[in-house]
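In the part that follows, the structures are each spelled out as structure tokens.
One chain, chain A, appears in both complexes that follow, with chain B as partner in the first and chain C in the second.
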Partner chain A sequence: MLFGIEWDTSSEWAFAVSILPILLIGMWVTIQATVLGFFVAMVLGLILAVLKAAPLRIVSWPARALTEFIRDTPLLIQLFFLYYVLPEYGIILPAFLTGALALGVQYSAYTSEVYRAGLEAILSGQREAARALNLSSVRTFTHVILPQAIPRIIPALGNYLVSIMKDVPVLSVVTVLEMLNVAKIIGDRTFDYMVPLSMVGGLYLIMTLVASAGVRYLDVMLPKRGFPLR
Partner chain B sequence: MEWTSYLPPLLEGAWVTVQLAVYSTVLGAVFAFAAGIGKLSHNRLISGISVVYIEVFRGTSLLVQLFWLYFALPVAGQIIGIDLRLPPVVAGILALALNIGAYGAEVVRGAIQAVSRSQREAARALNFTPRQTLRWILIPQALPEMMPTFGNLAIQNLKDTALVSLISLGDLAFRAEQIRNFTQDSTTIYTIVLFMYFGMALVLTAMMKLLERSVGRWRTAGT
Partner chain C sequence: MSDPIIKFDKVVKRFGNFTVLNELDFEVGTGEKVTIIGPSGSGKSTVLRILMTLENINEGVVYVGGEPLWHERKNGALIPASEAHLRKMREQLGMVFQQFNLFPHMTVRRNLTEAPVRVLGLSKSEARNRADELLEMVGLTDQADKFPNQLSGGQQQRVGIARALAMRPKVMLFDEPTSALDPELVGEVLNVIRRLATEHDLTMLLVTHEMQFARQVSDRVCFFDKGRIVEQGVPDQLFTNPREERTREFLKAVLESEA
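Here is the complex of A and B:
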């Protein structure tokens, strides 16, 4: 029994059907962790991107080094680091939030590059034209650069949303009850790992296919020439 | 305890990590070429198997794959009466290689398809068999295009090796957890371990750059 739901081990099919609601509870946690982690990654990534673009070397260089460091070290170790080290400095977070934070930190290195590439892809002719029209640099950014960069940035961010979803099972090591952890517990108690773990594989396939289709739809739907931001 | 006393066991773990990364990357490259070329095959069966392999291993989580190979496969073997219990090392290397191979397969396919059409036509005019075209015309020109992405995948794979510690393989992440349980000195241990992974990644990046350069000489002048 898990989450108050009994399983039925009379046959493999009955077992699969009876544990599906339990796995779906785990899936809901997976989705929550994905969304929260993605949100943190978007915000931290934007901060890193702005710092890296700073004209001052003393600001941009450490930001660049930090991005490289985050990108080249494993999520698992970053998660352990946050989980064990933050409490030593008096920051005590629930495992779920620590996990979402770790996902966000790891992927902020990737999203910051997405922002940078998206902004740099706007041809310099656009900037020059804006300058010739006597637009202020703030208006150039909000009315010329940003509207054109957004359709490039969103699909790329969407791909990282899918990657984050696939990294959520790592949070099981700090006792987050996401889908894989739930399946593992069912396996530990019934000695049948094959059914729950195969179901998790299948459910993952469905989740990533749906998410990738959503990203592709966004990519097609977004106006290539940019959004009017008014 | 002095922090230097952590180093010998951590280095021992790092050596296991290096071996895991090397074996799984090499095996992953084999899978990548097999599935990437297989997907382009005109044989429906071969291309079908390649597509299913790529979609399944790209669409599910590496940790799910690892747990499946380690915990579920023996149960499946029991049902059909074959002993499929894998030692942790084999399960770990296999899961990492299958995972990275699926990502690599798409890179291989893309690079081969990107070789210009006239090259295929010229090979055909010179009476090359499809196999010879692939071996002497397509792969040598596609390899330089694959290398930068392969470099990123190799780094990805190095980071992913940390997950095999969860099936009790004594790699760097596993040793770190062991020492932490013993000394409770989390900050020092995990800081050292983060820098060790970072160092390994830097070395790997440099090696991939060298490989990229040596393969780059096959790049044709015209393209």
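Here is the complex of A and C:
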């Protein structure tokens, strides 16, 4: 029994059917961790990208160093750091939040590069035209650069959504009951790993296929020349 | 010549070790139409880009309307200009780019109203009226709701001209406005510029390789080479009877490439 749901071991099929609702609860946790981690990665990545582009070296250099550090160390290190070190400073977060945060931090290193590339891809001619027309730098960013950059940025960010989803099982080491952890607990208790693990594989396949299709759909639907302003 | 609206005083511009402009002295009178010709790499665009505040200078002073452009006066001395000063100075200048540089995500009309509303503080309807007048002037009334990539190159450049004019500049800078166009589209753009030159008291500074056109519209033609003015004069004199050997060679090469 897990989450108050009993399993039926009379046959393989009955077993599979009975543990499906349990796995779906784990899947819901996986989806939540993915979405939250992705959100953190999007916001933190944008902040890092802006800092890295700062003209002042004392601002850009730490942001660069942090990005490089995050990118060159395993996700587990960030996770352990947040899980075991933060409480020493009185910051105690639930395992789930800590895990999602660690995912977000890890992937912010990648998304910051997506933003940077997307923003730099807007040709200098656009900035020069905006300057010649005396548009303020804020207005230039929000109404000239961003509307053209976002359609390039979103699909590239979307690819990381799928990657984050596939990294969620790492959170099991800090006791988060995401889908793979749930399957492992079922296996531990029933001595049947084959069925729950196969089912997790199948469910993962469905999730990633759906997410990938969503990203591809976005890519097709987004206006290539930028979000139209009339 | 009346008081010059533009004055370069011993201006030096370098890119790294490479000196593009070497103590350039250059003046344009109010309302004057001046064409700059010269081989590629001679610094023609750099002159316009310095005026449009897209490129800073290393030495010397540039004056626009008697005020230093890249400097501010403080206690009698000239100090590097603040962004606020540049913004104020920029109001007097408009630029038309070789590659148009229209905003691709804005409709033609929005390209023309964005800056007047945001920068000059016009109401939406005022800006719209101004845009529609300018579109009529450049013959694009029926294209107002389209996006730039739905227009031909010639139409896009006419939008580029209208967009710059919408800010009511005193000086218009044209950097090879027809060089990116297919030959059959050049005429429609030159016609718009010609009308501007003949019907308005705008000061115009034009870089072009269209010698015939330069001859028709300019009060003065300057031949640039290696960041210096080799020769300048009224078009008839410069084109038919150049004093400098270098000018003669250049004009001959251009005529041969056109033939």
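Quick note on the criterion: the second predicted complex is superposed on the first by the 227 of 230 C-alpha atoms of A that agree within 3 Å, B and C clash if a C-alpha of one lies under 4 Å from a C-alpha of the other, contacts with A are read in each partner's own complex, and residues count from 1 in each chain.
In this text, a residue touches a chain if its C-beta (ideal position, glycine included) is under 8 Å from a C-beta of that chain, and two chains touch if they have at least 3 such contacts.
Here the structure is a predicted model, which means the values were calculated and not measured.
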item: When chain B and chain C are modelled together on chain A, clash or fit; value: fit
item: Which of chain B and chain C A:Arg216 touches, first, second, both or neither; value: neither
item: Touching partner for A:Leu180 - first (chain B), second (chain C), both, neither; value: first
item: Degrees between the directions from chain A toward chain B and toward chain C, using C-alpha centres, nearest 10; value: 100
item: Contact breadth on chain A, by residue count: chain C or chain B; value: B
item: Which superposed partner A:Val144 touches (first chain B, second chain C, both, neither); value: second
item: Contacts of A:Lys166 with chain B and chain C, given as first, second, both or neither; value: first
item: Superposition-derived minimum Cα distance between chain C and chain B (Å); value: 27
item: Residues on chain B engaged by chain A in the complex (per definition of touch); value: 55-56, 58-65, 67-68, 71-73, 75-76, 79, 155, 159-163, 165-166, 173, 176-177, 180, 186-187, 190-191, 193-194, 197-198, 201-202, 205
item: Interface residues, chain C side, partner chain A - complex; value: 52-54, 87, 90-91, 93-95, 97, 99, 101-107, 109-110, 114-115, 118-119, 145, 147, 149, 163-164, 167
item: Chain A residues within the chain B interface of the complex; value: 69, 71-78, 80-81, 84-85, 88, 165-170, 172-173, 180, 183-184, 187, 192-194, 197-198, 200-201, 204-205, 208-209
item: Chain C partner contacts - residues on chain A that touch it in the complex; value: 125-126, 128-129, 131-136, 139, 143-144, 147-148, 223, 225-230
